[in-house]
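Next come two complexes, and both contain chain A; in the first it sits with chain B, in the second with chain C.
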Partner chain A sequence: MTIGIDVSSVFGEMVMCSATSDIVLKKMCYLYVGNYAKGNPDLSLLTINFLQRDCKDEDPMIRGLALRSLCSLRVPNLVEYLVGPLGSGLKDNNSYVRTIAVTGVLKLYHISPSTCIDADFPATLKSLMLHDSDAQVVANCLSALQEIWSLEASHSEEACREKESLLSKPVIYYFLNRIKEFNEWAQCLILELAVKYVPSDSNDIFDIMNLLEDRLQHANGAVVLATVKVFLQLTLSMTDVHQQVYERIKSPLLTLVSSGSPEQSYAILSHLHLLVVRAPFIFAADYKHFYCQYNEPSYVKKLKLEMLTAVANESNTYEIVTELCEYAANVDIAIARESIRAVGKIALQQYDVNAIVDRLLQFLEMEKDYVTAETLVLVKDLLRKYPQWSHDCISVVGGISSKNIQEPKAKAALIWMLGEYAQDMSDAPYVLENLIENWEEEHSAEVRLHLLTAAMKCFFKRAPETQKALGTALAAGIADFHQDVHDRALFYYRVLQYDVHVAERVVSPPKQAVSVFADTQSSEIKDRVFDEFNSLSVIYQKPSYMFTDKEHRGPFEFSDEVGNISITPEASSDIVPAQQYEANDKDLLLGIDEKDENKGVSNNNGSAYTAPSLESSSNITSQMQELAISGPATSATTPQSFGFDDLFGLGLSTAPAPTPSPPLLKLNARAALDPGAFQQKWRQLPISLTQECSVNPQGIAALTVPQSLIKHMQSHSIHCIASGGQSPNFKFFFFAQKESEPSNYLTECIINTSSAKAQIKVKADEQSTCQAFTTVFETALSKFVSLTFDFVSLCY
Partner chain B sequence: MIDNGFPLTTEPSILKEMIAPPNLVSKMLSVVTGNASNVSDTLPSGAGSCVPWRPTDPKYSSNEVYVDLVEEMDAIVNRDGELVKCEIYGEVQMNSQLTGFPDLTLSFANPSILEDMRFHPCVRYRPWESHQVLSFVPPDGEFKLMSYRVKKLKNTPVYVKPQITSDSGTCRISVLVGIRSDPGKTIESITLSFQLPHCVSSADLSSNHGTVTILSNKTCTWTIGRIPKDKTPCLSGTLALEPGLERLHVFPTFKLGFKIMGIALSGLRIEKLDLQTIPPRLYKGFRAQTRAGEFDVRL
Partner chain C sequence: MMISQFFVLSQRGDNIVFRDYRAEVPKGSTETFFRKVKFWKEDGNAEAPPIFNVDGVNYFHVKVVGLYFVATTRVNVSPSLVLELLQRIARVIKDYLGVLNEDSFRKNFVLVYELLDEVIDFGYVQTTSTEVLKSYIFNEPIVVSPARLQPIDPAAIFTQGAKRMPGTAVTKSVVANDPGGRRREEIFVDIIEKISVTFSSSGYILTSEIDGTIQMKSYLSGNPEIRLALNEDLNIGRGGRSVYDYRSSSGSGVILDDCNFHESVRLDSFDSDRTLSLVPPDGEFPVMNYRMTQEFKPPFHVNTLIEEAGRLKAEVIIKIRAEFPSDIIANTITVQMPLPNYTSRASFELEPGAAGQRTDFKESNKMLEWNLKKVISQRKQGQSA
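Right after this comes the complex of A and B.
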């Protein structure tokens, strides 16, 4: 305001000046006072007087202005002067003043929450929100209340209830019925609120959708997107309606893409991409909307290419690939590369790739270095998936001179093909020999690694022609300064020395075609991003916890559960061994075939583990009944992983056959204690025992989420009341009850997974049996390891 | 206007009332009176009304309302001369200077061709749903009443036929531009621009109509204007490639520009504009215009 110069020294004079009747001057004075009051808390007392007087002015504009400035002083010891003017401001007959008073309450809350609550402002705001005629006042009330109550909710049950009540049916319908009166900003606020509403039945859902139908035709993109989010979230449970929603939202979103600035197009396209990944069919007929226009910026084009890949299916592949091929000759090199990659991706998704392969091979004839480079990488991937095309591809690839290829990735791909199809390419050994002779000039370690492997493979197929080249390669490799190259060369050398046939089986075993390439993003992450529809998460393509600091997460975020998403037991069980194998294969870029052998071994191990748990199935039924009884308590803590973890519990309690001597203490499997009582007891009782024990590191490795341990302890009749933390530190509160009498044991357990240590604090009603309980607890904890093994056996 | 991070109002008409945009009169006034502020000293009255977009009771000596149909044609023509994509994005722009609280109804002769509409908040939703008429209380001054798309058009008014042959380091290029289907009005300001590929070292282009300019960043613009009756405009010339290159591998994309006054190419026609209460000295004006949006012709 003052070009960075500190003018706080004239504070006194400015206060005098504020008595002016000129409104423009008054505004400037207020602005000054608001800016410098924080630095001069003593002097700002002077301003109170005239601000309070102005709050009673006849002109509503001055009343509002004075009230806003009064609340913007933000000096803690002046809050007592705020309550009166705010109270009368909330009752003012002019809506402008009320609007400002409502925001003032929020400012007051941030300076001094207790003053705000004591004056009962939240309740006033609530009645104002439900009864005021002015939409802006209502909107401000809503945003202020949301903020106040969600900050209060952490320590006040009443605020928690009030916060819930915002999501009650009457309140939501009240807002939705009035939504047309609000400005765009407030409409978005209401729509955000509606997303959180849990409808009672399908009629409820349809009512809301009917109320909001016309919002989809609003001129404002933010309102449209927020409405789309409401529609999508409401119908998640109704599959057929969900499909209709996709149909309905399609054209508004497409219009938003084609009108407006490139930045807006980009944002909307990101959302469309998210939708199309969830439901590829929806845009299958509208693929032409994603054709790139010449003048669009590259970032939009890139996203459009991704869309084209995503919407490609049997019916439109031909057109899309034709279009993509036109981009390959584009002036924009980055886009040309992307479009070739897109063609490759489509080829990998599709069943009928005949035509696409032809096109790719045509790219190779274009004689542009970047086009050739990209195409080679793609042809390599295609050959891994469709070995049957090798004949056509190899004949074209064989014609490419390796001298024209500079990019390491492309070179590596070409070398891989030379090695893999050495028998079909007459001059493969000689090309390799040439490349090996230029070993010194090859700067990329990746290419050198591939050269080694290719020379080996070629040697097994055409030994006489390759022997000399292989020798040179191994010598150069062993002398290489790069550790990996050196190690691999040495390994090849020794394995050849040991037995050539073993070497062949290690380096060049018969391969099966890759059916699916691993997806880079897990479905959990995608679901999470979908939940955060209409936010930056979609643009970044990752959920908010990955790019926001903990303290900046919104008040509605439950931070602890967030970190666990990607590593829940269900997630890992989804990955079937075959896919892991492929993922591995892809990462290592085909060279290290010995990995396959290792994988095979671990697969065998896996199946070996399954055997015992199958044998023990006879015991399972009895255990099942037992667990079914303790079921309700379990589901309360961790509903999402209930069914699956039960299986662990079963395997676990039956599998370790030589159980140590029966526990001295019988615990009640159906113990119950409510959190309040636990807290009270924990405060009252003295610590009867503190102990540190080490936990089996293998078991602890599986402790990526608290739930796994909770389930485990439950099977030992030790129940969890609260848990938290993230790897490597977890904290649990457990309780247990004696079977015969209501005597409680409370335990705090802190586990550090990196040092594999657990700290236990035990408090007990009955001091005498405390030691016995600790023994039981530790035994249970030490058995946590067996769970991992059962878990592994279930995976494989 | 933002208070505590929360916007107080986002309505342009109210904001304009609060702080008047500078214009010639206010500048003159501030020079003469020495009062240099555009800040109003009264609270905008529309802030509390049920039509926040409209200031209460504006007064005009002559009442005028203008409706403009402005359409943009986006199209892609591929290498084989096929129309890959052709659609129109249109807007209904209005300028209303009406006294009091007018209630307007705008109807189209053929609303069924419209694909996806988006409305200004003033448009009532139900009348559109049931009868496809736009019923609204307009904001004051200029505003965008609605926008729409019309898909799957079969024809473009202008054709572009580029040809390129390359042989031993030089390319011959020729581009023909002509009228494909006469829209009934003159097609004006036809331009064709394209980026010469990087590998072109020099270009020698000439045309039998209009002017050709090549800028230093290798952007070539051919300004045609109107198409003459007696001949077909043709751009021709040679491109010299950089040494070592035999043929051209990267092809330019031609961007076509044109403007047609007096017609909306989508075929949308305004039927009538009714006012519930007709103010004295009312003047209603309608215009239409189509221009090229993103019109790409690939080679």
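Right after this comes the complex of A and C.
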């Protein structure tokens, strides 16, 4: 601030100077003291004296400023001098002084929590919050209390209770009814609080929405987004109202996008992007809003392109693709590439494929390197999904000289097509031969892998022409320094030696068209990001635990948000507690479909087509990834902290089939857990285990209604809390408790009756006995058969 | 909800203002930020997005007249809140200093720190209203004479995205008294519209959209109430239906798709006679933002003709035709055209007799610029390059 010159040497003189009565001069002294006190703890003692005196000044401005400077000194050994002035500051009759005193309490807490608690400041703040007439004082109390109690909650039950009490109905309504008295920033604070409120019934929900409706017309984007979040979270359990909310918020958000600076529109657009991806049909008619303007920054354009792909449907695909094709000729190469990719993604969504394929093929004729490169990758993906187009595509692709393509991805795509459609491309073996001859110059391992496979495929179709090239390729491959290339070449060589027909079955089996490409982001992560709406998670498109450390997780740290798994409170406990949940059934079914696809075709773009034997190992890796992701996620919230390595170790131990027989686990037959607690735990705990096991077909046959399984599991002391779905996919949430101690096991079980497979996800309070519980669970599940058998025979 | 640091960097990365509110972010955050922004390489984007994360620290920035306004935090905050706040801080400082640039910052740094202390306390936003702040701020701004400013290029308004027009009012401090001690009771109301129209190569309008703002800057003392009457035939589309349906149903009148208002605006009589009433706070603020996609006649028609004249040369003919009544004159018009990265040279030919026109090829961002001082209706202007 002093143009880099250190002026701390005049500290003493400055302290003398601050005795002035001129407020401008005084403020400059405060500024100076605030800056240099930390470096001179001894000298700061000098300042305490005059600051304390100023805290009793007649002028409220001076009182306030002195108090702020006093609290900002950040010198731990001076805290004893803070308590007195803070106490009187909180009682000051001027609201400016009170506002500063409230924040001062928070500063004190950060310097010395015990001093702050001992002086009973939180209680004072609470009564100020509920009774003060000045809105800014109230708002500061709220933020200070939220911060203090969140930090205290980890070791004090009382703070926990107090924190909960902020979310009680009277407090929430106290704030919401007065919301217009607060300034826009405080409004955001209140709205953020209201998000966590759990309404008692639907009237409650509509009351809040009516109170807040006009906030959607606010010019401040932060207020609007916070309101949107309240609306979305409140209506999660009411599907039709939730849809109406989308309709209602659409227009204000679009206005915000176009009214602010590019940075602000970026923030709003990221949120719109999330909503568009969640409910594309609602925005389908507004696709023109997502057209790019030439002077927008590239980060905005990129978001818009993604949104255009998301909203494409039967009625607007033609227009959108036309627009995107314009961008392909854009001078901004990055955007041009993005738009070509967007066209490809739309094509994979199955709308109007015919026209799109033509367009893509036109791209190839543009003869620009990057356009060709991007397009080749897309054509490859399209062919995997729509083999019926191979004829048209191949004729065009065949005309491309491989010499013009430099990018590894594009080259790999071209080589894949050469291998796959060798019989249709007359010069395929020769092109491959040329490429193989330049093996040494090929720097990308991916391309070399593809070359090997393509040479093999080509050999099976046109052996005489390829034999020589294949020999060269295998020799070069085995000599390759890259481990994967070397291994694959050796593998091919040995398989060929063993039996050519087996080799053909392995390398080039008859292929099924891919119906759905695996989604890169799991739906669990997407849901979490949605729960963290109006936060950085949306911008980065990943949940907060992936980019913040645990003490800075902010409002999401201890929050038990109402998630996507909506479990309604059970009415009677005698009857098997099984609730249907409708809103999520679709999600659920989709999720399973994707997973199945994943297994069948494997989402790996590179080597997957040729190595179906990799399937099982990729399954394991995906399991491990799941564990790894969930690990750090929730470890912050679980009481017992466990190492990441532990978790990983567990994940590995599930992979090999023979597990050491675990100690027997006794479960409490009369365990009880209310749905709310279940939900909270489910959010908080990490996934300890994921496993897949098969269910006896006879059991499956009995599983026409979920109740049968629920009864069966209850006989094994595993209780169902919710269930849903219909044939062929059923989803259950089970819980169980240890006999002796209140340690819970939560399980999600997805049963697919057509494949007779069950997927189990276990979360446990106690990690050590988790494996044991899983065994118990699986045994119980496998016994389902015999029991139902009895059940059936009894019926007849 | 809270931010950790706030700082302003010049285009060269010099630290102009720096305030650490919570001492959570390690030293050197300004350098980390600047290096990241200047050499942004991720996902092939040339420009750094306004929000990014380095080692657990989230950096937010907005660019205002070439300066970086930056906030950092470790907490997972609402992104639009921080970006909005940065924009608002810039506006408050501008209200006080009259002009925003490095020079005015350096001359007024005590005042700026005074403002920052009142705007944010311990990372929590207190207020960003110039009106409220006035009672806490005691330093007088040292006014940097606007004459020393480069004229703001009107085209920069749109490329920067901000919707601000240069005018006499804009460079005057809200708090400083005029030399001579007398204070003029003034209020400026600007209506700024950003019209986006896409023409097909054959001259048809493909898409058209207007984003508008009614902006006010008040120098009135005593806070009188102001009433602002809008067109009586103004309609505001209400949710549900697609905005593109209105074409068929629109009779006469102006139909806004949607609009929002500043918090000081009261809408009591808006539904009956389209009047906004407000007590304007001091300083500059948007009264109303609106957006419309109704069909309208664009003020200009642009026609281009591109011919490839040989392997390494292209000829572009740009014609614009003004379509507004002849008693209106358009001032300072800029036509921009982005050119491919590998363009090395451009030459221009203006229509004979063109006066007050300037053409330029901006090497740095490969942009072709054509400035016209005045355009009177119904005249075709041609240019070839």
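A few points about this structure:
The criterion applied here is as follows: the second predicted complex is superposed on the first by the 493 of 796 C-alpha atoms of A that agree within 3 Å, B and C clash if a C-alpha of one lies under 4 Å from a C-alpha of the other, contacts with A are read in each partner's own complex, and residues count from 1 in each chain.
We adopt the following convention: contacts are C-beta pairs under 8 Å (C-beta built on N, C-alpha and C of every residue); 3 or more make two chains touch, one makes a residue touch a chain.
Treat the numbers as computed from the prediction; the structure is a model and nothing was measured.
With both structures placed on the common chain, the touch criterion links A:Gln217 to chain B and to chain C. Contacts of A:Ser95 after superposition: chain B is touched, whereas chain C is not reached. Of the two partner chains, both chain B and chain C are touched by A:Tyr291. In the superposed pair of complexes, A:Met366 makes contact with chain B only, with no contact to chain C.
In the superposed pair of complexes, A:Lys107 makes contact with chain B and with chain C alike.
By the touch criterion defined above, A:Lys27 lies against chain B and chain C together after alignment on the C-alpha atoms of chain A. Within the superposed three-chain model, A:Pro252 lies in touch with chain B and with chain C [touch as defined at top]. Within the superposed three-chain model, A:Asp134 lies in touch with chain B and out of touch with chain C [touch as defined at top].
In the superposition on chain A, the chain among chain B and chain C reaching more residues of chain A is C.
When both complexes are overlaid on chain A, the residue A:Glu181 reaches chain B alone and has no touch with chain C. Comparing the two interfaces of chain A, the one with chain B and the one with chain C have residues 23-24, 27, 61, 68, 96, 99-100, 103, 106-107, 136, 140, 143, 183-185, 217-219, 224, 251-252, 254-255, 258-259, 288, 291, 293-295, 331 in common.
Against chain B, the residues of chain A that register as touching in their complex are 23-24, 27, 60-61, 64, 68, 94-96, 99-100, 103, 106-107, 134-136, 140, 143, 180-181, 183-185, 213-214, 217-219, 224, 251-252, 254-255, 258-259, 288, 291, 293-296, 322-323, 326, 329-331, 366-368. Residues 3-4, 6-11, 37, 39, 41-43, 47-48, 50, 52, 74, 76, 78-79, 84-85, 87, 89, 115-121, 125, 144, 146-147, 149, 195, 197-198, 249-253, 255, 294, 296, 298 of chain B are the ones that touch chain A when the two sit in their complex. Touching chain C in their complex are the following residues of chain A: 1, 23-24, 27-28, 31, 61, 68, 74, 96, 99-100, 103, 106-107, 110, 136, 140, 143, 183-185, 188-189, 192, 217-222, 224-226, 247-248, 250-252, 254-256, 258-268, 270-271, 285-286, 288, 291, 293-295, 297-299, 302, 331-334, 337, 532, 534-540, 544, 547-549, 552-556. Residues 1-2, 17-18, 22-24, 43-51, 53, 56, 58, 61-63, 74-81, 83-87, 109-110, 113-114, 117, 121-122, 124-129, 136, 138-139, 158-162, 194, 196, 198, 207, 209, 211, 213, 237, 239-240, 242-244, 257-263, 286, 288-291, 293, 336, 338-341, 366 of chain C are the ones that touch chain A when the two sit in their complex.
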